[in-house]
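In the two complexes that follow, chain A is the common piece, with chain B as its partner first and chain C second.
Moving on to the complex of A and B:
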């Protein structure tokens, strides 16, 4: 799989197939826990997530959520975001653009040491940006990148061939797996196969100790961590349990304290929180919002008219999907930019709500009246089998479309076959897939709609072949617009066009859930908590 | 007279009789499904996860999407029986073909055929079925073919053994002496004598095929356009702590059907090999 843009990793799925990855809810009245009293020091925290073991502890290109989860405790990024959406420095103290927005100056934090005792310097930063970000972790975001250098011992300057909006740049610094890696370990090697990827040496609050394959990672406290007196705990264990029911049992037994990204099946969430010993929260996923999408393959001439594509969405009741398939842990999608996105979401879009009569009228007018057998035309519907929910949605969408007079042949292939049929062979008329997007829409959201997003064989791009010069031009403008108010306006326009054109739209936005023991303190306090360093977590007795 | 004797011997085995009656019920259910439940069984018709008895409209409740469990069970009987019968037919055709050829001709043909059979036997059956289904695609026909391909080897070995013991008997030698062709000897003379144990084995393959199909569907690789018992069990597995009936009802249906088929196999064995029984 090609390396996607920053923050894209959850869409790449990696090798570890998500188990029965399920989705989640906003449980009323459950807020992420805040530190109660003074933090207790010492002890071991055991964590898990709603998927399998990673292919490597650290994968330079991202490699999916699983390696992101395991590596983000060991490596750190230059910046991160707070829960209210502000950017803050991690390994960078600050950054600012030049007057023409074609270069950015980053002040690097001093006194940071790698786990092997060597100082982190601007050399490491220059190496990481030029060799790791540009080539692997942020390759599709850094298309206009022209160079990086360190004019003095605590400053790094990145230059670009075009103006780069500040929000875009800040998002880049906070991007998943856009880490600062040690040059002395990686220089001169192939970063993808460097053995250090399975015993990473980073700057993070946790130091790698051991990986027992098939079972767990053991990390220990980094005594030389740059945040004074952090972390609170002595050890962090990341344990992998294949089955959601097994995770629920391990949590009930007290063997696992916290599980991120839907560790247990939805019916079990209520059961666990009902005991009073667990909390469930949808917080900590604001910068990685998942959705389930439906798309129409433009290579099939029946979808040439946008009215036909709109009718497909009018025929489907999205609240039914949210309520029944996801047990309410989802909400109907209305725009290619998702509603938790404070920066760019607008509700001023074309609405393709549930309206079978309108769907029928649109199809009649587009030249597809019901024939003698009651059918208008036939489609192959592919529901990607990596989440069990997709298959259920497939069964529902089939019924909904059949009610609208469209004959549907449903298939629910396994993960590799689904990826191949959707993103390489384009072997579908309609497809149900998933994506996860950060706030910054370029390129992670836009590449599903632009002509340059059509890349045969690259998963989670424009698979339906939609190509519209108007959209392409608009996205080019969004890329270089440095005035944030104007940029917002352009993104709103983009949302409007896409919802009218309807080549691909979210059926539902999913709410991912973290389940934690009530003993766990200071969790779910980062808008992408799975990829946060967890330096401040602690366990009450 | 001969037929009556056969039925009498079959019925002497009480288990087999019960099995046959129950299978008949399942088969009738499968045949009459469209009469009782004219609506597509995969249609969402009610509230999701209604327990059996909670709503008189859905005596067996509804699944996690709100589909009628009873309708899916009844329609599922069709898919299940069809897959079982056809997969068994495919396996029997391949098995008898290969086994008869190998046993009758012997020599290098036998060597090649039996090494091929061993090759198939060394691959774990379920994994082989899954591989074939993933490669060919999850449709009913492909699942039938896949199950047939993995289930033919015992039938081939059994047929071969029968042929080996029959091919040099006097009546066969007499046929040869009369100048009868090989094909005719195989089909008209030896096969009818070799068939009884093969039929017993085939009836067991039907049961095995149903289990294979259930496993494939349970793992989510079944044909999503068809109501099948295995798929229902697979769909219900995430809800086992809260709505266990979704797994349990089709699970019991599979169990009863497979058990009955095994009982029938026993009965057929008694009926076709009376000497074995009386010993």
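Moving on to the complex of A and C:
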């Protein structure tokens, strides 16, 4: 891959790109942002998201969606992705692999300054990769990382012990919180406890001004931003409203202009868009697709049989969940790689669609016929209580499995208890949980299925205990295959095996929604919009 | 406490003038001494309850930070003192509290006292305004209902009081927002101040009052309904007593009898309830703060419980208990002022 493919074109996400990209969506009365005329400069944009206040404005390891949302307006990454799936440079001008794909040369953008006025240099990049990415934000992805150095003032070279596919590397540069942080602020300190995490100094289009805890962040325009004449607006307020009904009311009253990641309840989406003053769009989540998953604990001998695991999925009507629990803002999941993934999704997999007769036949064949009491066996079903929808799905899955002759004991513990029971104690037979996956499947997707993903006490890994040497070997190949076509085939194989084996599969892929006032222009124009810098957003009169 | 008041009819100890001040001082001293074991109990019970809750902040922290190295997790456990036995953790916490050290919030990376002190004024403001509203409305409505007993006005007050008593706080809050903020546009939807508005001076005070009105109504009207009912029945009961009949026989006007003789004595049960309810007002603010995005300790407590942020939860419990104890002492003093015949034992 040469420089040209990733060469930055400034304002690539400008008005025209997204305006042209406006398409009809699957939602009634829904349309993404449409730029109207020349951007208006100045003013204050108030934004919110469908969750609470972060523990810190910036958490080096990520810390969840909330600190990612707050920090991504202040810090920047080396690269980003466009809505059509291409990679583009941000703080990197370009990058290219060596012939053996064991090292990558990154050309760093010149003329970039941190908010405190100091120049961003290759020292900052080397420090960020070596000390922040490797240890915190990309630790699980950088297992084959050997080192990083800056041979000259414009170049950084990352080396690896194994060949690294370009797609993997480019995705790494776009990682959620793989930011370039100022070495002069973080060096010599513990990055996790550095006070600057609560008043970050980055290179982004917005400068931190104030955090009124319990209320909002106030950011102001970075006048020295490297994208000339950006951002358009003077101030960005990130406001936290805990209650979804309160968010809907605040939007309706004009106090909040835009809310990302499901800011209001589904019925309110239709009500707000029905006024003609708001638009709702599922665009902007293509690189962070959420799903609700069902997994079977292989430590239970019942689930050691593949037919039983398949039967669990055949017994559940995913369309019903999508329509009833998510009001249609979801679609049935079919593969561990989700359908918006243009690079790696395949529909050519084993189908575990709703088929109660097949479920019954599989259970009979597995040696679990209905007994005299009409039951085959009993399971403990844990629905992780961090999303209220999980509890509702749990209630439905319980009914569906009981129809199939399986006695179900359902529990819906809160977040800390769910994490402990699923990932530390393995105290479940079946678990309803959630994942958010980017396009690159390694390691974010594969670690749920590989043997090295089984790490007791480490959340959001392989908790079901599935271990298959064939899958492990396949993932090792995916990790190092540098031919993109061959790599894609390997991922397709992975999907086929996993859908047949069914240790964990998505019940539904969720459609995350952004709701915005019709005045807000140039929004939802990044495939990971919650984590985008929002440099080009503006507010029409 | 108010609940321990000696009955005014059971051989009251009469206190006058300076002896009343001495009695008040003795009361204060006694209550402060009683507060020590009370606080100790609060700390121990809350500490144990939190320990019993499954999951820990460390598991959440490793989840959010994707920490996968067992050695790192072990180091974090040691750093945060989680390897110590529970009794040792408790003793260390009590020892720190005795030095006014509320601990450190590792989740927020700031001392607990800093995390709480940012939010506490907002909650105190909401509590005080809600209680003030509840007392003013409750007493006034109760007096009106008792003076117009078995009339349309009495029925109206009772119906309205029952409505606000039955209405859940979160629902009432949302309805108030819909009516006054969304439909009429008179009041802000939430928050404590206009973002970017004046930060000091009279304009800032007005701005805060503007934001305070709806949460105060949502939290205070429930208690106003209770006080209305209690006040009404208390007024009717006191009105039947001999000294009121004597006052009327002396030819005093109805209003004077009601205000000077009946009202003051009828206030005693309301004041008693007020002291008991300070804790529930604090608890109620958790919900109301959530609805109105009011940046008080309620929101902080909710987040801290959800994230098993034990030091902050304990800190809020301890400070909350102190507020309730202080409020109850104040209620006892008010009780003495309202009824000079008695001394609180």
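As a working rule, the second predicted complex is superposed on the first by the 511 of 541 C-alpha atoms of A that agree within 3 Å, B and C clash if a C-alpha of one lies under 4 Å from a C-alpha of the other, contacts with A are read in each partner's own complex, and residues count from 1 in each chain.
Rule of thumb we're sticking to: contacts are C-beta pairs under 8 Å (C-beta built on N, C-alpha and C of every residue); 3 or more make two chains touch, one makes a residue touch a chain.
From a predicted model like this one, the values you see are computed outputs, not experimental measurements.
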- Message: According to the stated criteria, A:394 is in contact with first (chain B), second (chain C), both, or neither; which is it?
- Response: first
Considering only touches as defined above, state whether A:257 meets chain B (first), chain C (second), both or neither. neither
Touch check for A:417: first (chain B), second (chain C), both, or neither?
both
Note to self: Looking at A:267, would you say it contacts chain B, chain C, both, or neither? Reply first, second, both or neither.
What the structure shows: first
**Message:** Looking at A:519 after the superposition, I want to know if it touches chain B, chain C, both of them or none. Which is it: first, second, both, neither?
**Reply:** neither
Chain A contact check, chain B vs chain C, more residues touched by chain C
Kindly classify A:245 by the partners it touches after superposition: chain B alone (first), chain C alone (second), both, or neither? both
Both partners, chain B and chain C, contact chain A at residues 245, 413-414, 417
So, in the complex, the side of chain B touching chain A is made of residues 40, 42-44, 48, 64-66, 134, 137-138, 220-221, 224-225, 235, 238-243
Interface with chain A, chain C side, in the complex: residues 53-57, 59-60, 62-70, 73, 107-110, 115, 118-119, 122, 170, 174, 177-178, 181-182, 185, 188-192, 195-196, 290-296, 299-300, 302-303, 306-308
Chain A contacts chain B in the complex at 20, 22, 244-245, 248, 265, 267-268, 271, 324-325, 383, 385, 388, 391-392, 394-396, 398-399, 409-414, 417
The chain A residues in contact with chain C across the complex are 44, 46, 52-53, 55-56, 59-64, 136, 139-140, 192-193, 195, 197-198, 212-216, 218, 235, 237, 239-243, 245-246, 249-250, 252-253, 255, 413-421, 423-424, 455, 457-461
